[in-house]
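Shared between the two complexes below is chain A, which pairs with chain B and chain C, respectively.
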Partner chain A sequence: MSRISNRQLVIAFLACRLSAEMTTIPGEMFRYGTDRFIVILLAKLVVALLYLPVIAVTLKFRGDSVITATMRRNKAFGITAGVIMSVLLTMTAVQTVLSLQHYVTDTLLNNIVTVSGIAGITAAAVYGAAKGLSAVTRSSVFAAVIFGLLIFLIGVTMWDKTEPDHLYFSLANDRTYFFKSLISEISMNSEILIFAVITDELRRKPHRTVLYYLPILLILLELLNLLYNLILGPYMSKVEYPLYIIASLSDIVLFQRLDGIDAIVWLMCGIIKTALLIYCIGRIYAVCSKKPRTKLALTVTGFLVFMLCIILGSDAGIYDRMTDVMNSGIHILLGGVVVPLIVLAAGRKKQSRRVKKNDENI
Partner chain B sequence: MSNIKKPDFSEKNTEPVSNSDTSLSSSLDENCCAVRALMNNSSDLIIKYFTAGGHRMAVVTCEGMIGKADLANLIFRPLVSSPPKIADDNEFFCAVCADMPIAEEQKQVYDVGTLCLNIMSGFAVLLCNGASFGIAIGIQGYSHRSIDEPSTHMNLRASREGFIEVVRTNVSMVRRRMKSPTLKTVMMTIGDRSNTDVSVCYLTDKADVNTVNAVIDKLRNIPLNTIVSSEYLQSFLEPGGTTLFSQISVTERPDVFTSKLYEGRVGIIVDGTPFALILPSLFAENFVTMDDYTQKPYFSAFLRTIRFFAFIASAVLPGLYVALCNFHPEMFRSALLLNIYSSVQTTAYPVFGECLIMYILYEIMREAGLRLPRSVGHAVSIVGGLVIGEISVSAGLMSAPVVLIIAATGLCSFAVSDLYDSCMILRLAFIVAGGVLGLFGITVFGVVIFFRICSKNAYGVPYTAPFAPITLKSIMRDTFFRASWKKLSGSDMTVQQLSGKAKSRHSSERTMRDEQNK
Partner chain C sequence: MMKIFRTAAVAVLAVFTLSLCGCVNYVDLADRAIVQAIGIDYLPDRKVYRISMQYFNQSSEGGQNQIDKTQDNVLKSVGEGDNVFSAAKNASLLTGKDLLLSENRLIIIGRELRKYDLEQTIEFFIGNFHSHPQAYVAAAENTAEELLDIRFKEGSTSSQRLSDLIRNAASEGRCVYSYPYRVMTILCTGTRSAFLPLLKTAELKTDVTIPKEGDDSGKSGGEEQSEDGETTIILDGGVIFKDGVELSQVNADTSTAVFFMTGRPSEYSFTVPLEKYAKPSITLNDITRSVTAKEKDGKVTFDISLKASGKIGSRGNIKEGDPDAVNVVTKAAENELRRMIKDSVIPVAGKGCDVFGLENTLCRCCNKFYTENKDRIGEIIADSDYNVSVAIDIFSLGLNTA
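And then the complex of A and B:
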């Protein structure tokens, strides 16, 4: 098994998170004002707390992931945890693909057939997952470079359109919006599920990933929000995809607008995220079945994701309900907090039983 | 030549009189007959009988493979004029072998197969009646191309010497540039029929031992009968089989070869070809030339960036143009859009078809120009440039922007000549992806390509290093930017350091535990 560095995983996580930032935020979450600066800061603090159980598992079980740790203790418990995590990861993958598909049809290709869009994204993601974790995480470096290029170009072309007056400091007076926005911001951190599954594939201490990732993400999101506020101002709440709109206003010498590059970046990030999610499901299968990661398992997972996307994506009602469930952050709580806490508790119980037995023997 | 393989002559059509394992006897006539039989009485086999000090002797050679002056001066003259005064045939021949140093490369042969292999490698084999062995004397004198400026990888200020077809001369060129005892060359013979000499070169204190062993093992197990070019070996050495981007680089330049060895790589020189192989090779190295090190760092950085953008443009530009024309015309500037629209309106084919046809025509012209004699090649340029380029536009078959884009991408691909074949395939694929699904198709295909190249590990080194995994020190040292020689001389860096594997107690513990679990 080839291991990856914390740095690689941090960049991959950033790609995942930025993709989610762009493609899953509903328009009403993007309100004009400074509320979102506070929301982002608070959300990151909460997310840091949510990472603690997984970090505790890796520290307690010498770098083991949640699934590996459970499988080592009890096979039945391991398989149950594996199934729960697989379902959560599959649902996250479905939501990611559907969001990407909507994003693509809303912005890039309004005449694309839904099936071909979903099939293209899923097939690329399965291919990436089959190539391995190193391939996916290394690819995210290139996505990050293109993202950096996009932001640079936007900065160069839009600096004269920024309006510092748009920044006014008012405290949030709509608490419902504030909490809804906070929960939505927290729920977008599905990387915690990925982290829980692949910590044993990291070369160094896994908690370093979180130590690097969260501060960088916080700065990036705050900067993006600043950009939205400075350029869009009062129009922020009117647009569905703020960065896409800003990019479409950019005029570089070669192209009249940059929305194409924007769409390319988010699509790349989305495919990388989906590939990571599918890889994690394959990894769970490999750990639970004690077989090496097979391309067949990944292909089956990809097909399952594709079929679920077709079924759920065809009905707007079901899709909205699923989005509501995912936006509530229940998948993060369950996979990122509850399962690791149970693993910790089971580990402690087993340890205490062993100590008791030793005492009896003495 | 200690590990020379014995040739397999199992498919002989003539009457089998002897085989390669037949030992030499004490009879000179029998030995000569055995050699003739094994060589099927080939017309280029020369056996010259003579008498020295009263002993019957013979020199066996292959026509054109030895230096005639060396033969006369080093063998015939000393033996005939001042032979050892010993009566017994065997003792006489042993004395010749021990006390008369004829040439610097001199060894004894005991069987007919080895004898034949030696004479085919340019040795002269001395036989004596009464002695059951021969003396192979290295007086190679076959004609070969003189050392010349390489035809590929041209440079402005770097060395003008290029490899030639003779492996030993090439090794000597490397040795001349690296006068270090740590430079080791391992000579091997590969190919059951061709018995091609292959030299594996590396620096013992720089190259990874596992890589060297893996390369030598792979070379030993190559199942080819005939090897006439280094490219024959490439697919066997390539990790993961044939791929779009090769992890083995090819060079005709001894200076490049030597500098790569210094970075801890393994070089392979094959007899009969001036193109040497170097492995592992990284993606970023395709944008580096020897001139970058003879020019100012800022100029090198500029040129490397230009090459990189040339590669991107060469692969993506036609596909991007098709995608934008068909699906996202709003991205063009208004004036450009109007021009494109007017030219597209006057042509017979859609942009996608136009681009495909033009691209295929361009590749046909390039291929035709490459293989034809120079005088006819000019005619191809005229036909390509004037007739197809200009007339097709004026006849309304092609639009001018498409001709311009295909020509520009063709030009760009020559800026990164090492990646030409990869670019050729990528360009076609991107045209199809852009034509069918627009930017979405280009992005999805692009991500697949990223996954593909990022998954490659050439002998433990990621192909995309030092960008992914990121090694900041190396990126700033010699990738897009080349540090000044003052900085470069401060620290040595080998290719293995780009693997991104920083070993820690934690990881080694887990690795041990994984192995225990297995």
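And then the complex of A and C:
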């Protein structure tokens, strides 16, 4: 098993989270005003708290991931936790692929056949997952470079279109929107599920990833929100993909319409995220079955994700319900908090039993 | 061995990837109508939308010259339908070509259509991600089709002149850059206001001197004057919208004031009414604005402050070394600009129309008051007071001509 560095995982997580920002977040959540700046800040503080149980597991079990720790404790317990995590990861992968498919058909290729779009994205993700965690995180560095280039080019070409008067300060004018947006913003952080599964594949202390990742993400998201407010103003509430619109407005001699680069970045990030999610399911299978070869498991998972995308994506009602469930953040709460807390509690019980046994022996 | 295998795999993959473009629907460029300008009208008697499209005549291009002047550089296609989308589809069907909107540079809205929600009309172009985001949106004095029927030989296409007309006016500070997203930005505010530059037809009178035919002796018959009229299109003021529909037409001064209040004009020239110095012209550069609002007992006062550096474009009777000239011209120029802004802002804002972005100012400066009175923002803007101050610095750029 080749281990990866914290830095690699930070960049991969940024690709995952930023792709969710562009393709998964509901359009009505991008609302003009300062509320969203505060929402992003609060959401990151909450997310930092949500990471604590997983970090506690890794610290308590010397770098073990949640699944490895449960398997060491009890096989049945480990398999149960593995199944729960696999279901949550599969649902996140399905949501990611469907959102990405919608993004691609809404923007670049409006006449692409849905099946071929989903098949293409899933196949690329399965291939990435089969190449391993190191390969996926390395390719996310490439996506990060293109993202940086996109932001730089937008900055160069759009600086004269920014309007500082669009900025004003207010605190939670619309409380319903504020809380809805906060929950949605928290629910976007499904990397916590990935983190819970792959901490034992990190070279150094896993909590360092969170220490670097969250502040960088906070700055990036606030910067993007600032860009939307400065350029689009009140119009940002009406658009589904604000960065795509901003990128398409670029009109200088060398760079006219950067929307193509924008679409490529989010397509790459979406595939990286799906690849990581599928890899995690393969990893759970490897830990639970104690078989290092996971290629078949990855292929089966890819096929399952593909089939679920076809079934769930074919009905708008089911898709909307699934999106509502995912936007409630229940998957993060369950996989990122409840399961690790149970593992911690079980570990403590085992420890206290051992202490008691030792006392009796003495 | 592994290296050779990898290289071969990459080569096969590259060939495979490059040939993937053949797997999607392919339309030859010659089979596309490369739309240059779109005019949208509403026909109230038949209750249908009518779209007129100028598209690039590809047969006018070629040979040794880039443009074949003997042929019209654009063709026209017309379609009607129950909404903008179906009208555009019908235009495409009648043309027999696939519409390509990514090169469209101008969207003209006809008079009748402006009685209905502007947002729904522009939404077609905003929602269509392939549509060019920096096309200008303009209003037609009568029908949009009438304007697109007038052809110009200048430029690579006829519509280029119209979009150049707006671009040039905007770079001179005469009207805003009316891109769809900018129109939508103001249209999304509480009063759903908007401003569009107005395009009109006009007769261009030109005096032509024609040599008279000489008599049989070979002597020239002298010259005679004749007047020739040519229909052209001019940009004259604009149209303001409230609640998404047309409110009224406004003059060129208001058009400039909208730009001063919402955009960043790079340059603006105007004549100073100064008898002694025979109306010198001033060119303003480096124009900045600041709009603030304060509220007292439910009454809002907007303070509009403009600052600019200026140069005297035409000296009039100003003599070099005249010590009073700078002060006198500056004062008169400031008064003139103040008058222009005040005369533009007060009547328009008095109607509750917010093309000047005043809601944004209120939101920024009196957020609590704004939140409490969000639903009656039009009334508040109409009842507000407006203070305008102008500071022009002519001295720093020198008194020489611009």
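By definition in this document, the second predicted complex is superposed on the first by the 358 of 362 C-alpha atoms of A that agree within 3 Å, B and C clash if a C-alpha of one lies under 4 Å from a C-alpha of the other, contacts with A are read in each partner's own complex, and residues count from 1 in each chain.
To be clear about the criterion, contacts are C-beta pairs under 8 Å (C-beta built on N, C-alpha and C of every residue); 3 or more make two chains touch, one makes a residue touch a chain.
Just so it is clear, the model here is predicted, and its values are computed rather than measured.
Enquirer: Have a look at chain B and chain C on chain A after the superposition and call it: clash or fit.
Expert: clash
Enquirer: Just chain B (first), just chain C (second), both, or neither: which does A:Q8 touch?
Expert: So A:Q8 only meets chain B here.
Enquirer: Could you tell me if A:A275 is touching chain B, chain C, both of them or neither one (first, second, both, neither)?
Expert: first
Enquirer: Touch test for A:S139: chain B only (first), chain C only (second), both, or neither?
Expert: Touch status of A:S139: first partner only.
Enquirer: With both complexes superposed on chain A, which partner does A:L267 reach: first (chain B), second (chain C), both or neither?
Expert: first
Enquirer: Could you say whether A:H102 touches chain B, chain C, both of them, or neither, answering first, second, both or neither?
Expert: In the superposition, A:H102 contacts neither chain B nor chain C.
Enquirer: Who wins on chain A residues touched, chain B or chain C?
Expert: More residues of chain A are touched by B.
Enquirer: Looking at A:K60 after the superposition, I want to know if it touches chain B, chain C, both of them or none. Which is it: first, second, both, neither?
Expert: Touch status of A:K60: no partner.
Enquirer: After the superposition on A, what does A:G233 contact: first (chain B), second (chain C), both or neither?
Expert: Second partner only, chain C.
Enquirer: After the superposition on A, what does A:K131 contact: first (chain B), second (chain C), both or neither?
Expert: first
Enquirer: In the superposed model, identify the part of chain B that clashes with chain C, out of 133-141, 241-249 or 367-375.
Expert: Of the candidate stretches of chain B, chain C runs into 241-249.
Enquirer: Could you give the residue numbers on chain A that contact chain B in one complex and chain C in the other?
Expert: On chain A, the overlap between the chain B and chain C contacts is residues 108-109, 112, 257, 259.
Enquirer: Help me check something: in the complex, which residues belonging to chain B touch chain A?
Expert: Spelled out, the residues of chain B in touch with chain A are 324, 327-328, 330-334, 437-444, 446-448, 450-452, 454-455, 457, 462, 464, 467-470, 500-502, 504, 506-507, 509-510, 513-514.
Enquirer: Which of the residues in chain A come into contact with chain B in the complex?
Expert: 1-5, 7-8, 11, 62-63, 104, 108-109, 112, 116-117, 120-121, 123-124, 127-128, 131-132, 134-139, 141-143, 145, 200, 203-205, 255-257, 259-260, 263-264, 267-268, 271-272, 275
Enquirer: Going by the contact rule at the top, pick out the chain C residues touching chain A in the complex.
Expert: Residue list for chain C touching chain A: 24-25, 126, 129-130, 133-134, 179, 181, 184-186, 188-189, 264, 291, 357, 360-361, 363-364, 367, 371.
Enquirer: Using the touch definition up top, name the residues of chain A that touch chain C in the complex.
Expert: It comes out as residues 32, 106-112, 160, 165-170, 173, 232-235, 237-239, 244-245, 248-249, 251, 257, 259.
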